[in-house]
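In the two assemblies presented below, chain A is common to both, partnered first by chain B and then by chain C.
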Partner chain A sequence: MSPPALGRALPHDSVLHRRNPTVKLAVSSVVSLVLLVPVDPWTPGLLLLLALPAATVAGRLGARTVLRAVALFAPFALSVLAVNAVTCPGQVVWRGVGLEVTTTGLSVGGALALRALLVGVLSVAFTLTTDAGRLMTSLHQHARLGPRATFAVLAGYRVLEQLPERWETVRRAQAVREPGRRPGAPLPRDAGALARAAFAVLVVSLRQGERLAVALEQRGLGAGPRTVARPVPLDRRDAALAGVVLGVVGLVVVASWWTGVLQTWADVG
Partner chain B sequence: MIATRGLVVRYPGAARPVLDGVDLDLRAGEHVLLLGGSGGGKSTLLRVLAGVVPRVVDADVSGGVEVAGRALPTDHADPATGYLTQDPADQLVLPTVRDEVAFGLENRAVPASEIGPRVEAALRAVNAAHLIDRRTGDLSGGEGQRVGLAATLVTDPQVLLLDEPTSLLDPAAARGVAAAVATGRTRQRASVLVEHRLDELPDLPPRTVVLGDDGRVAADGPTARVLHEHAARLAALGLSLPLAAELRAAGVASLHALTAADDDAGPGTDRASSAPVVLRARGVHVRRDGRDGLHDVDLDVRAGRVTAVVGPNGSGKSTLLLALAGLVAATGSVVGGTVGSVFQRPEHQLLARTVRDEVAWGPRRARRADVDALVEATLGRYALDGLADHDPFRLSGGQQRRLSLAAAAVCGHDVLLADEPTFGQDRRTTLACGDALRALADEGRGVVVVTHDLRLVAELADDVVVLRAGRVVARGTVPTVLADDRVLAEAGLVVPPAVAAAVATGRPVRTVLRALRAATALSAVRSADGRPPTLATVDR
Partner chain C sequence: MSAARPRVTLAELVLLAVLAVVFGFLYWALVQAWGALQLAMGPFGDLAQHVLIGGWMVAAPLAVYIVRKPGAGVAVELVAAFVEVAFLGSPVGPMLLVVGLVQGVGAEAAFALTRYRRYGWGVFALSGVLAGLASTALGVVRFGWLTQDWFAWRLGLQVVSGLVLCGLLARVVGDALARTGVLDNTPLGRARRGRTAPSGGVTRDDATASTDGLAPRTGDGGVAPTDASGRDDTHVAEGGSGVTAGRTAAAGDPSGAR
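Presenting the complex of A and B:
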């Protein structure tokens, strides 16, 4: 399996690969919005426990990839937990180094941290199963996004795709201009060197962007009504995906309300 | 199909118009090769015909222009016009080849059911059917340009405008693209091709139009006749001419007729082994992106000698230069003097906001006492003194190339490495660049140059190293390697006609090619408006 690349789905097939990109994007957005409501750790915790195997199986991502995604978002989640633990008013459970940790803080912080991990897993599952080109076609078809916007994004994506290699080349090309440089020395990382490399990369990329824009227009973009050669399908199975995911989220929220663990911002004041 | 009457184009801030009264007529079925000097308005004329000037690029345009039955300028790109430029990276806009080629048809609202077969047919026509499921970002230059051509031809444009479509390709890929371009010359279509590599490309369009330095049409007629009658002038404009025309420009019937003292600077093997080694590489091995880029390469760079590194794309040539410069993690040893490096795209190396500061960068960092005098001398030597206060990013490609050579040379390194320094440059800048590298070697430095251009190798280098799949498959002096057909064929290298003819004379190749160049320059001086291809006249 080749390593994940920017804007490219992993090169295998899966249930998630076959689903409509706009539906996937909308469903993950709705889930992250709904999760702004509960501030108890149980609701997002249970959803995360369900999402981990679901994403692993439905996207055929492999447990290792999903756990790496969790690890990627863990530092952010921990910082959210830490900040909330010491800033929310409530019953103090620990006091030291000028800080007070409260039960409310732990609860709210835990909820937001788990939410961050869940959103992270959903984003990674979406990114690794969605091709940038198909996403843009689908947004054009199903979200009524104008062709100028979608194709500008794709042209920008082409520039972005070449950015890592261009950055490396420019840094090497500039490093060798330093007369006192020792062969084999690492590329310079001082602010001045990075700024000069960034400037060259910016100029070169902007110019390429201008030429890409000319190419887009020259080939007739925006001239009038257009057709779509390979439409992205949208069918009942996409509705089923949305129904299952949103249904499970609804059930979990209702269940946590029913069992009395659900807390909202109104509860924590 | 194309008609211009008294076309005048002046860019804002320019002292004089770049086109000054151009009259041009093309009927359907007419296909034109458009020639002219660098900065002489060829690309501008194509951009006017494509509508890019003045719709996108600002300029004062007057006179009449009609393309495919529409008077220009208009607010939209003409759907009946196809326009292809040099760099595949600038025109492949979508992530996959299939979507890329379909894009023009979608924009013309062609029914979706027709698009698939037309995309496949367009790719087949340019010999790129096998690329249909590839990502555009993964294509080589030649593949990318063929896909770009398919994406242009798929809408069956009445007018096809091609601006140096092969200039950024190696010779083998350039031939493939040139052959594909030739298939686009149909009887229903009119086309204009700007091209400066006339020596290597077969299938030139039947009619040729030459733009003069005054911004007017200087010659117009059947290609063979124009190339023959205006050979000296065209050579002076910086074009690489077919061998017959180049001989005509030099005023001789064959290379045998060129008289020149046999080469005193000819690459003798005794000189090769006696010159001191300034950089010694042993067992250099590089792993990049999980695979071996270079296998145990040995190389001696000698003072006063130019070593050319040749080989197909992906053979490890650039990686070798990075390893010699200590810019990439490598095992083995590289021992010797200080190393300067010139990269393929000069803009990647720019560090300062003026040409003067750019040249002064190295000497200032090295705390040299004589920075000002050194910089002035270098600016003069590389014909940059008129540009000292210009922004390096705003120079032309040829000027940027000279600047990057100047900025590396001024540091006085023992070794200078150059990665495809003539990439995308016309013959005149190529010659100037070769002269500059030769001069550095003659000062006693070691020079290593990576190139696809075997004519440059024959004119400039003393030694050749042939790489394939990261290994050295042949090495020796230029005459030895250029005479080894088997090695060249295995490495996918094609000897240009002029070099082959020079080898066939049995005399030292470099001597013969130098004599050819000298004779061409001499007749250019004699011809009414020609100028010899020297460094100082490169960027008129």
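Presenting the complex of A and C:
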């Protein structure tokens, strides 16, 4: 399992890097909402085929990174496909071990699996091209997020940045105290050890949060309106990005309705 | 965000954010475990989420338990979902914000019914059950569970998981956290000090403590030292802002938590 990006954008510049974070978040939210409607595999499949090269090129992510993300989300997608294949009523195409695979199930399952992959690709494109500090500044500027909530989430982000390291430190510290442990043995992976580590990380993080809150209050943060040090621009190019993405999604949905492949829960249920 | 009401202090907001971040991180880790469990269960893999679902909602009742203000549970679930979506790249995508909102509302409803005054095991159990029900209702909309064969199984597993992993676990974790002393400056810590005061310590059955429905009050006698003089100026220490003097005996250092 590769370490998470934890809100760090890839350290290069690209079209997607330069776009407004609030606009990117809003566009990917709208796309995810629109995707709730179709349950045929064609609509999300075509969109996935378009999104893969678009994200790779516009974010300069590299084909390998994008494919690795798809592989990471594959179990999730496969499991959705499998469960729908055997649980939806419809024409039976295969029968065995007490389960019936239906055509409706395969179609709906395929649609939901492709939707999961598509949303996963969008999520990865967003996190790999968006800096956390810039995102929060932009949400404060453009989404009217209150200053106190902004500072609180940014403080939380400071904690998050250090979480993987803290987790590792706590895990090793606990392991080294374990009686009868051989030097160099792998860290214990039983549920008890993991729960103890999670609890210790929670306690230490809450303490850090308390110190952060005191520091913020001492500087008067959250007491009133504030100016922004590095404002995030919002201009026509952001509108163009939103227009292009939403336009393409709209066209694909209309096209699949036109050709008769579009199905919704009402058609299936 | 609903946490930005004037009544919630910045310190409490940061505490909610930290809770959300740590749980967002743990939720993210749970997603990895879930993927493995899904593959292991084969065609029944989709049911794995119902076994684990409560674990994704535990932050909400815990936050309400600690901060004891309306909106705390919803806010913490929303921020946790936001952390997963914006910082960790969750495969669920921005829909997770809706999931967090619905689960937070479900979990917090039980506490709202008691007007944030009772924190007994029964309220936590109800909170978990309501969170499980809310989450099932959302699944019906998102994945069409009603049209599938296993709806009763899904519903049952969700409710049981919500009860155990969300409701009851939140109370257990909250009490364990309070014992480490890290929550001393929170409404939960103050309520606990009001109930079990160390001998000789300043005790005041303030509103928080007396409305806490956990157990019959045992600390009534604690006000005796000041009642004799009829003055209660020592109470300032308890009611003042940012008091850290009253660590309970069980507090100890954080290593006790390990």
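Assume the second predicted complex is superposed on the first by the 262 of 269 C-alpha atoms of A that agree within 3 Å, B and C clash if a C-alpha of one lies under 4 Å from a C-alpha of the other, contacts with A are read in each partner's own complex, and residues count from 1 in each chain.
We adopt the following convention: a residue touches a chain if its C-beta (ideal position, glycine included) is under 8 Å from a C-beta of that chain, and two chains touch if they have at least 3 such contacts.
Here the structure is a predicted model, which is why all the values come from computation and not from measurement.
> When the two structures are overlaid on chain A, which partner does A:Glu217 contact: first (chain B), second (chain C), both, or neither?
both
> Considering only touches as defined above, state whether A:Gly133 meets chain B (first), chain C (second), both or neither.
It touches chain B, and chain C stays clear.
> In the overlaid three-chain picture, which partner chain does A:Pro89 touch, first (chain B) or second (chain C), both, or neither?
second
> Taking the superposition as given, does A:Thr259 touch the first partner, chain B, the second, chain C, both, or neither?
Touch partners of A:Thr259: none, neither chain B nor chain C.
> For A:Leu145, select first, second, both or neither according to whether it touches chain B, chain C, the two together, or no partner.
Touch status of A:Leu145: second partner only.
> Quick one: name whichever of chain B and chain C touches more residues of chain A.
Ranking chain B and chain C by residues of chain A touched puts C first.
> Of the two partner chains, chain B (first) and chain C (second), which one does A:Gly184 touch, if any: first, second, both, or neither?
A:Gly184 contacts chain B only, not chain C.
> So in the superposed three-chain picture, is A:Pro231 touching just chain B, just chain C, both, or none of them (first/second/both/neither)?
After superposing on A, A:Pro231 lies in contact with chain B but is clear of chain C.
> Name the residues of chain A shared by its contacts with chain B and its contacts with chain C.
7, 132, 151, 155, 157, 170, 173-174, 177, 196, 200, 203-204, 208, 212-214, 216-217, 221-222
> So in the complex, which bits of chain B are touching chain A?
50-52, 56, 76-77, 79, 81, 83, 85, 87, 89-96, 98-99, 102-112, 115-116, 119, 135-137, 151-152, 155, 322, 325-328, 334, 338-341, 343, 345, 347-351, 361-363, 365-366, 393, 407-408, 411
> Help me check something: in the complex, which residues belonging to chain C touch chain A?
Touch list, chain C to chain A: 1, 3-4, 10-11, 13-22, 24-26, 28, 32, 35-36, 38-39, 41-48, 79, 82-83, 85-95, 97, 142-144, 146-150, 173, 176-177, 180, 182-183, 185, 242, 254, 257-258.
> Show which residues of chain A lie in contact with chain C when the two form their complex.
Touch list, chain A to chain C: 1, 4-7, 25, 28-29, 32-33, 36, 39, 69, 72-73, 75-76, 78-80, 82-89, 99, 108, 112, 116, 119-120, 122-124, 126-128, 130, 132, 135, 145-146, 148-149, 151-153, 155-157, 159-160, 163, 170, 173-174, 177, 196, 198-210, 212-214, 216-217, 221-222, 265, 268-269.
> Show which residues of chain A lie in contact with chain B when the two form their complex.
Per the stated touch rule, the residues are 7-8, 131-133, 137, 147, 151, 154-155, 157-158, 161-162, 166, 169-170, 172-185, 187, 196, 200, 203-204, 208, 211-231.
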